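Take a look at the structures listed below.
Next come two complexes built around subunit A: one with subunit B, the other with subunit C.
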Partner chain A sequence: MSTHNAARRQAQGLSCAQPRSRAPLLMLLGMVLVGAFLLDLATGSVMIPLRDLLAILTGGTPLKAAWADIILKFRMPKALTAALAGAALGVSGLQMQTLFRNPLSGPYVLGISSGASFGVALVVLLVGVTGSTWLVDLGLAGDFGMALAASLGSASVLLLILLFARKVPTMTLLVLGLMFGYAASALVNVLLYFSVAERIQTYISWTFGSFGGVTWRQMWVLAPAVIFGLAVAFVSAKPLNAFLLGETYAHSMGVPVQRARFGIILSAAVLAGSVTAFCGPISFLGVAIPHLCRMLFNTSDHRIVMPAAALLGGSLALVADLIAQLPGSQVVLPLNAVTALIGAPVVIWVILHKQNLRSSFAS
Partner chain B sequence: MSEHVLETQDLSIGYQQSKIPAHVVAEHLVLSLLPGEMVCLIGPNGAGKSTLLRTLVGMQQPLSGHVFLQGEDVHTLPSRKLARRLSIVLTNHVDVGLLSAHDLVALGRHPYTNWSGRLAPADEAVICWALEMVGAADLASRSVSELSDGERQKVMVARALAQEPQVIVLDEPTAYLDLPHRVELMRILRDLVRKTGHAVLLSTHDLDLALRSADKIWLLCDQGTLYTGGPEDLVLNGAFESAFNGAGITFDRGSGFFNIDAEFAGEVDLDGEGLYTHWTKRALKRAGYKVNKGGRDAPLRVDITHNNGDTRWSLCAKEETSVYSSLEDLVAALRQESETNHG
Partner chain C sequence: MKLGFKYGGWSIAALIGLVLLCATACGTPVVAPEFLTGGESETVTGPVAAIATESAPIVLEGGNVLDGAVEAYDPDVDYFPDKVSPRYAEGFEVAYHPNYKVVTVLTPWREADVTFRYVLVQRGTPVPEDVGDAQVIEVPVETVASLATTHLPYLDELGLVDRLTGVGGFAYINTPSVVEKIETGGIIEVGRNADVNVELMLDLDPELVTTLGLGMSSKDNHPQLLAAGFDVALVSDFMETTPLGRAEWIKFMALFFNREAAAEEIFAAKAARYEALAALAQDVAERPEVFMGFEIRGTWYMPGGGGYLARYLEDAGATYLWAGDDSNGKIPLDFETVYERAAEAPYWVNLSQSWTNVDDVLAADERYGDFEALKRGGAYNHNALLNEGGGNDYNESGHANPDLILSDLIKIFHPDLLPEHELRYYRHLVPASEP
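Let's turn to the complex of A and B:
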């Protein structure tokens, strides 16, 4: 032991490549997020000049009094939702990709969104079958009812997954999530089959995804859930780094594998579940953002990639929302169409350009 | 320092499944590792080397008995504490994603860093020291995915070293390496135990290298018998022969090599000394011939002649003599000869 410490002390003088600091790039991403946030507030069917926007945000009076209402009552909760949802999807997608060692994993691999879809389908489509009586009376057919149904749906899948998470190997869990997803989709199909056209329309528009449905009242549920999920996720950055070497090495490095995995799945599921409950199943962002972050920072170190995924995820969700509004027009495109249409070419370009996807997930 | 850093107490290893009686791999093992000692675990495939290693590092429960690491049972020691005393290097090639060699070695600091995994200057110093010890300091900023198998394995050893353990256990670390890199890795590990006082235990299939570099050999045989001792002692007392002699292979105590038992094709007379005679003998044995020294009137006879730097092999068979310019041609001719004779 003494010889080995001496050797180590000798090594203090050695120079050794220090990792170059990624802090400036992270700060830049932070500024991009703020910029996208302000831009999303300013644009929409009515364009509001930046000067007036800042006046509203700082408690001053804008040129037109109605603008204050537009910003504070509608655009602010929408922009906040977009930022939170993007961050949540990016981070949970990153967690799933590392945990399952699979580049195609995303926030929904555990069947969370399928559970939410089933909940929503149950409410929306059953209203059609039962002749829109008691559910409407209870106020359960509105937006909030759909959010509640989606929450219950994703929460039940989440509980099932967590129940199994401690008992079965990681890869089995992946297959279980897939099976839950198929089962839920099958049930949704049965409900769709027996439903009427206008109800189906309502269900379909929920599956398009939207950041606009969240009111300030609902924000009190969404924001704490996402913040809780992000907090647990950030604590999981260290064990996730160990998982890069596989569970055997992680265990040998003192990582409590079972507990760490439980924390990772819990946070990823809360993040994905709460976003799906309030915004619908938003595709693409959760799979693409982790890849973009790893390529941007050229590392798999979660202590860097995870904050990056939160910042970039928020920014991209805001940009997607901004584009979906078609600024200056009254038309609103489906959010999922925008994320995939704009996002897919970007990701394809980055993958072909950087060619380091193979290094992140070599076979 | 005679204190054992790792020792077993009446250890039985194997697999226990409910309902099925336990499959015992080996019983009543009494093993120990000293600081500054490099031990090679060898044995035929399926003898249970991996089971033994997994049990020793606490990844698999023993059927009975205990493994003590500095006096504490590895199977009850909290994993973070265990990680500060024992680290591992596995056979399989892990894809770690986009990490530099430095980042990979930094993962070894896990049991020492706080919840966020932030590396203190002291941690950085250990990382540099670990890379330096395996001669991989110049690889620090390279991406792990760009490293060759040999370089990568050195970095994996550095990672194990960064855990500052007392014991490093390596499961077939040389499996995917070519001969020069295998030799280099063994040399690195030997230097390591000498300089740092670590105890190193590694399993390997490379008997020759194990015989040349280990301080001690653990030889695990098929029936769960375990011989321990100095490499040369195990050769002299016949342990190697009994462990590995089997179908088509015999261990030659004299040379320390394995001989491949060839089918008996005939006898050849061969005279002479030196390099050419030695390798000619090897070629003839490879072709399945018994080589007689000094004219015992075998049906075949080989003579080697050197002329102006050219070497010729002449083969006399039934008063016919043919001359060949390479051993390859000689062996081919012998093959033809035996085929016409036997069938």
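Let's turn to the complex of A and C:
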């Protein structure tokens, strides 16, 4: 009886949440995102004065012609990729945490990152072994081929998950995802064993994660995929609130559980899969950002937290990229090292200081 | 080397005089004449006249023992009249004693805090006491397994492929004599990359295993080989910072087979050719700018200015854009940094091994198309001799013949200096549509 009352109170609390009062904070987050974007454009290994940066952005001519190329061909796609990837990972991480009611879930919990790794490994490592030139002839041996293979890999895992999603309960799905992930990683290890050193280095560089490998040509695929994923995710934000209390309760509240789950998993997989395909596996952002958002807005209402996750995710990814570039120095750090250095302390701090972690995952 | 010969000559002369004196006095027949005139000098027979000068040991005529053991050991004989001394290589040292050599590998890998010592004892002579933690190996070695392709040209040039019984990966090998021996079934594949199949190795039982170490326990195979009881020579030729230093490790390999004379002669010829080529390129009026490498997902791993690749470029009469850096390794740079500094440079060498024409380069990343070197036909890739299994002869025979690579580079930057030369290791990158 008391648990039912508590649940009803929580549900009422959620439905009574007023998104309007959070609007200013959301707008502030939006401005932070824009600020981070501009900052990322302005910093890099090459020192470009702010005046020239503004000139380039407004269509004028800078002091050095090469600077325009650097801003438009290198930093702009990189910053855009970072913003999109951060948003995608934040939102998909949020969805996974709610769906599986596990505060440590991230976007890769369904084995999607491992599927992408397997796809990339197939392309990168097999080219050397079979000595085949057909991949090169098709123009698939480079970055684009890797992205395509990663997409196919994560899509395959996604399809498998969706196939099972209709038939098995959610917790079983989690375990299935983990198992698919292990299987894919094992296959990757076998491929690594038979490979040449240079190809192994290419594959390992891919696992470092990077926003800088996406060119405008590839953006034509990445941007629509992320926008599609975000759109489906926002549509499923309201049903997600019901999932916070468990699937049985959601069902009793009239939420079409099967359809909602399908939409959630589809959007999460597309978001995580496309980011992994083009940027490599990026750790920690997907786990840390939902916690930060929930803490910042002091709510679990997905109608607020989801847009917040998108904005904050984009900002954090841009900041991580900034730090990884080590402005002023010519060398760069691997992106995953920076995200882990930022993300791990955040998660630890959140878990230690947050009193009501359990209540936001009523289990 | 020369010192040994000088002493050798004098001591032989002194020996003849004293032996004759002794023979007349004692009336005992001495085998000295046989010793002095001995044809092949494969083994030393009979007691050599015990009288020798105090300061210089008696020296074997005919050079080091190339095969087999000494039958009767004499502590006053210097069994290694042929010696090596490294002139360019800084990674190994050798100290000669009458019947054994102490060889030390000083920097087996980057930032190593260990060295590897070997006491190479002439067969048929006693092992010295107090060797410490050094590996004691009897030389000349009869069978060897080599786990890296840079070791194979050394064995080939020293005429030792008949002693090679195991290698670490058939697909990557280019040295013709080794490939032939593989095809006739005379060599076993005992591993692949860094993984070694210890069972196969135990079955093969070579007297010596040559390998390389990286200092990472997950990748190195020498710990398990040493634990299995093998004699393991760690060849750290890759650590040298000059092309000649790298190639001079043929002398290190020769130490295990008493082939010092051959190694000295072979290397001296190559060094002379290399120095002559470098001198040729020294006085050019213009040193064109050049850069190397390629980017992987936004990071460009640029070879450091302190390494052998940078040295090649300097010796070939070019200006390496990152010569100011003095690291021996690769610097992880931002793509935009390279773009800013190198977009106007006329030459680009040593790109990704999988690119064979300009279209491959552009397919990898369309931003490469802005580099002048690619647009104006100044891109040359070092994969002309890349075999189907992924093994690049640039790293095999090229490693042992730096004068050939230098000729290629001089031909690229200053074609009028070497009009007859044709590129061997380098491939000129042109659009796929061109022949």
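Quick note on the criterion: the second predicted complex is superposed on the first by the 325 of 363 C-alpha atoms of A that agree within 3 Å, B and C clash if a C-alpha of one lies under 4 Å from a C-alpha of the other, contacts with A are read in each partner's own complex, and residues count from 1 in each chain.
Definition applied: contacts are C-beta pairs under 8 Å (C-beta built on N, C-alpha and C of every residue); 3 or more make two chains touch, one makes a residue touch a chain.
Keep in mind the model is a prediction, meaning the values are calculated, not measured.
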(message) For A:T339 in the superposed arrangement: first (subunit B), second (subunit C), both or neither?
(response) neither
(request) Quick one: classify A:Q330 as touching subunit B (first), subunit C (second), both or neither. (result) second
(message) For A:R217, using the defined touch cut-off, is the partner it touches subunit B, subunit C, both, or neither? Pick first, second, both or neither.
(response) second
(message) A:T276 in the overlay: touching subunit B, subunit C, both, or neither? Say first, second, both or neither.
(response) neither
(request) Applying the touch criterion given at the start, work out whether A:T299 contacts subunit B, subunit C, both or neither, answering first, second, both or neither. (result) first
(request) Give one of first, second, both or neither to describe whether A:S154 is in contact with subunit B, with subunit C, with both, or with none. (result) neither
(request) Report for A:G254: first if it touches subunit B alone, second if subunit C alone, otherwise both or neither. (result) first
(request) Quick one: which bits of subunit A touch subunit C in the complex? Just the residue numbers, please. (result) 44-46, 66, 69-70, 73-75, 78, 127-129, 131, 136, 139, 141-144, 193-199, 201-202, 205-206, 208, 210-213, 215, 217, 280, 325, 330-332
(request) Would you mind writing out the residues of subunit A in touch with subunit B in their complex? (result) 1-4, 7-8, 10-12, 14-19, 101, 235, 237-238, 241-242, 244-246, 248-249, 251-256, 294, 298-301, 303, 356, 358-363
(request) Provide the residue numbers of subunit B that touch subunit A in the complex, in ascending order. (result) 35, 57, 59, 79-84, 86-88, 90, 94-100, 102-103, 107-108, 110-111, 113, 115-118, 124-129, 131-133, 137, 140-141, 143, 145-146, 163-164, 166, 195-198
(message) Could you list, by residue number, the parts of subunit C that touch subunit A in their complex?
(response) 172, 192-193, 195, 296-299, 331-337, 339-340, 343, 352-354, 356, 360, 363-367, 370, 388-390
